[in-house]
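Okay, so here's the structure we're looking at.
A, B, C and D label the chains in the order they appear, each numbered from 1.
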Amino acid sequence: MKQPIGIIGLGNMGMPIARRLLEAGHPVRVYNRTATRCDDLVAAGAKRAATPANAVPAAGIILSIVSDDAALADICNGPNGILACPDSIHVSMSTVGVATAQTIEDQHAAAGLAYLCAPVFGRPPAAAAGALWIALSGSVAPKERVAPVLAAFCAGVTDFGTVPGAANAVKLANNFLIGAAIEAVSEACALAESHGVKRAAFVELITQSLFDCPVYRIYGEAVAERHYEPAGFRLALGLKDITLALDAAATQSVPMPAASLVRDRLLSAVANGREAQDWAALDAEVSRAAGLAAPDPPR
Amino acid sequence: MKQPIGIIGLGNMGMPIARRLLEAGHPVRVYNRTATRCDDLVAAGAKRAATPANAVPAAGIILSIVSDDAALADICNGPNGILACPDSIHVSMSTVGVATAQTIEDQHAAAGLAYLCAPVFGRPPAAAAGALWIALSGSVAPKERVAPVLAAFCAGVTDFGTVPGAANAVKLANNFLIGAAIEAVSEACALAESHGVKRAAFVELITQSLFDCPVYRIYGEAVAERHYEPAGFRLALGLKDITLALDAAATQSVPMPAASLVRDRLLSAVANGREAQDWAALDAEVSRAAGLAAPDPPR
Amino acid sequence: MKQPIGIIGLGNMGMPIARRLLEAGHPVRVYNRTATRCDDLVAAGAKRAATPANAVPAAGIILSIVSDDAALADICNGPNGILACPDSIHVSMSTVGVATAQTIEDQHAAAGLAYLCAPVFGRPPAAAAGALWIALSGSVAPKERVAPVLAAFCAGVTDFGTVPGAANAVKLANNFLIGAAIEAVSEACALAESHGVKRAAFVELITQSLFDCPVYRIYGEAVAERHYEPAGFRLALGLKDITLALDAAATQSVPMPAASLVRDRLLSAVANGREAQDWAALDAEVSRAAGLAAPDPPR
Amino acid sequence: MKQPIGIIGLGNMGMPIARRLLEAGHPVRVYNRTATRCDDLVAAGAKRAATPANAVPAAGIILSIVSDDAALADICNGPNGILACPDSIHVSMSTVGVATAQTIEDQHAAAGLAYLCAPVFGRPPAAAAGALWIALSGSVAPKERVAPVLAAFCAGVTDFGTVPGAANAVKLANNFLIGAAIEAVSEACALAESHGVKRAAFVELITQSLFDCPVYRIYGEAVAERHYEPAGFRLALGLKDITLALDAAATQSVPMPAASLVRDRLLSAVANGREAQDWAALDAEVSRAAGLAAPDPPR
């Protein structure tokens, strides 16, 4: 029989991951703050856990993917948190700050648990298809033990060694690159439009030649068409991640002026009512600064 | 028999284009400022022209691809320039400023020639393989006439209408996107490295997932490995193009802060002796500002 | 007899303030983490306090001016902290974050103390001369009670109302303006120098005409002469203050790109070993990016 | 008798300068493109010149102060331009680009005239009061000859040596500093306002302490009160000067990111209809990006 797995956090990503593990034959326990999110999985054979600690198999593997640093701290250190379960392995897939990752790793060590940083790369459809990519850092033995479990929903795993927080730095650097690409495409579209070029034709050309990859295809189309809704990734979350990247860089005295620029643009978008749109909506601020027409914010 | 074609400018791109046309059966005349660059093509069947005007087939098609705005003005307006050849069609493939494109288009109209903006997308190997992409703007009839000629060395042509300079704006926007990507990847590598991550492993991950496209693969590897030589595209040329993009944007009151950032970084690289390296060498300035080791400039 | 005053924190600013109060006839109690800093004042008539709480006169006025948010939290909430002394008024003159100010004001209210934000404007010589300026925010009655005390070392007080943290926002905005001025003067000197202009002559001209004020005279000379030592204000402290300004702005969704630029420059200076120099040393990074000679960092 | 002087360009600055020279007893000839601007001065004793060349006293001194590089080129090289008058000394007080200054100086040398770069520092009231400051560069002998003439309307002259264009670089660096100060004060006011601080109270405090100088008093009040009209200095002219500063810096490979930031902000203001307001109106863009209320543009 396959080893039992606990999963905490059934959002857009956690849900398809849990489903993949069930389908692969793992006994699965699930916990979510809003318990009704568990219903479908329970109907499909998962067991509902009443607390985070309840979701952890004895000396087993617990996966978590929650919204931010505070939520992660809560499921670890809160009442009935994961830290009450020594000898287990916590595979932490959330995008959190590097300092937070280091603190939480220390707490796990003190409580007798292994902690692996395992942020995921890909969007919900990739999760459903088992095509995610994972950046992994942490101790060697737990990494070996979780490898077959990750294979159930990942196309590949890149090992970033044993430095605490290394995989989180990778994830933050990746998300910064996405934000920087959105800013750049928005500026490029403004330049092109101002000279009589159709935005969509411009984006079509670049995504057929040098920029033929998911980020430029997905965000290129959103920017060209000014489709800012529904949000694939909320602008407020993008601002959170860019801020985490800047914080992680500052602790090492690394200036990131392009990240500062993206952050200032996202702040401007929030100040003008776009925090719940997709982060492609930073384009609206680029357009406005250029005197070009952009759709009104939702309120 | 296929129609005769003239080609002016036998640099990294012009040379393989000329060869493709010869191989496709076009009678080809070639002109290059440094005449010895023509020798191999002449040996292969091309005819050497002593002046730009000499290279233009009567009422025919002349392609040009030269290094900058001044060189383009020179082959058009200089002694024995293209403008002496009315009724011909000039397919201008150089990366030049939008204002220059508009001025030169006006001069062609006054002299009785058609002028098409036709900047190319792709690198020398794509030219040799007939896999370039072209952005085209200008009058309709000449565009139709040159279509079969372009097919000899292009995988596709995107038509950006009849606005003078539109295709140039597209090319400048594209090159800005490349520069912005190099800056972003450099900052991301600095962040990752400062947290103990191997730069190459980071770039490998992103180019296997969301950034799986030529720009990130080519420049990602150059930045990760700090391979700034030999230059695929000289940093000084990158600075020229970003400056042209900013100038084209400013005439339309379009601010491009990411382009300003890239330009300031490239100026810094030139100030520190890197103008002849590949423009991936802007990474050295990113690293230096972060206190990370970078290879010394060549002098 | 004048009312007794307690003073916590005898740094460059606290020391001359304490001396002014002694000279004005106030009974003065002093506390400093490194107790020997108190010796001269005790010899001059002050009373040494063994703990922060000991320095607070019963239902009296306690002034504090310490190095950062953590030190302020410590003298308030730490063992034998100020919060143990209800009915007293805490005049907090440190430069701290707006969020910190709000938290600490709440804690004072809960413990029955009044808390006034009272950051000071001016440098040590102004303190010695009684010529500081104070930005004040907090409840009305305590502000009235402390007015005659502040008059002993201040040329003026500006009242910024009762919003918690308002005076701190003012101080952070002021320090941001200083940092922005240093960056601008450094860039202007680089431009001038690159065209054969003597830096000192340039700064002399502007400080005789449109920029005839302390910030441009003091930092203009430091930048022109590249005198980065001794530190009037340590670069690491400047970085702290700019970061606090950006944090305070971000909570209100206010983008401050000039502040982001100054922060990135200061990070670069720290990464290159200048954290203990005056923050005028950010000029060294401006010069280096322009290929101009700058003195080596201390290590 | 005092030596005769010619003056070309009777704008806000040229007019009071001409008046001062008349009052000091110099025979004065005046030329202005719009001839009626000369009427008052002619009534006061000046002689009207029909062309620029007509305004130049034989082997004498001609002052000029016109709006931009093109206007300067026109009065020098145009029909009946200054270059037709050898042996005279041209004191050029306009704010023009460094490259333009060098080109025009060369043309003067070839035509047998001396050319002095003499941009002025101060505003119209200072001109009327004889309190301008001048930055001077050029050959030694002409500088000595014009000294007593400049004394009629200047409080002081700073000599920046003999490098062509040096004084122009100084002027551009000065105007950049003004633009940078407006941007910084706008951001500082946005931060303060977002925390409940009255903008005017903040500006009053800083201009009473560390920023007690004309630039911060004048523009500080304009920004705090959002008084963008009437224009003391038109925003479009500010954009021109910042662009000239960036161009002058780029020729020497000097990056000026703060200048890039100010330029992008001014472009945004122009794109949104504020080109005819005072350049303090860049504050409206700072406010808008922060979601704060700003007055509508004029159209």
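Heads up, the rule we're going with is that a contact is a pair of C-beta atoms (placed from the backbone, for glycine too) under 8 Å apart; a residue touches a chain by one contact, two chains touch by 3 or more.
Quick caveat: nothing in here was measured; it's all calculated off a predicted structure.
Taking the definition of touch as given, a chain qualifies here only if it contacts chain B and chain C alike; those chains are A, D. Averaging Cα atoms per chain gives one point for each, and the point farthest from that of chain D is the centre of A.
If you average the Cα atoms of chain A and of chain C, the two centres end up 39 Å apart. Averaging Cα coordinates per chain places chain C and chain D 37 Å apart.
Spacing of chain A relative to chain D, judged by their CA centroids, is 53 angstrom.
In chain B, the residues that touch at least two other chains are 249, 253-257, 261, 264, 267-268, 271, 289-291. Residue ranges on chain A touching chain C, taken from their complex, read 243, 249-250, 253-257, 260-261, 263-265, 267-268, 270-271. On the chain A side of its complex with chain D, the touching residues are 257, 264, 267-268, 271-273, 285, 288-291. By the touch criterion given at the top, residues 98, 121-122, 133, 135, 156, 158, 160-161, 163, 165-166, 169-170, 172-174, 176-178, 180-181, 183-185, 187-192, 194-198, 201-202, 204-206, 208-216, 245, 248-249, 252-259, 261, 289-292 of chain B touch chain A in their complex.
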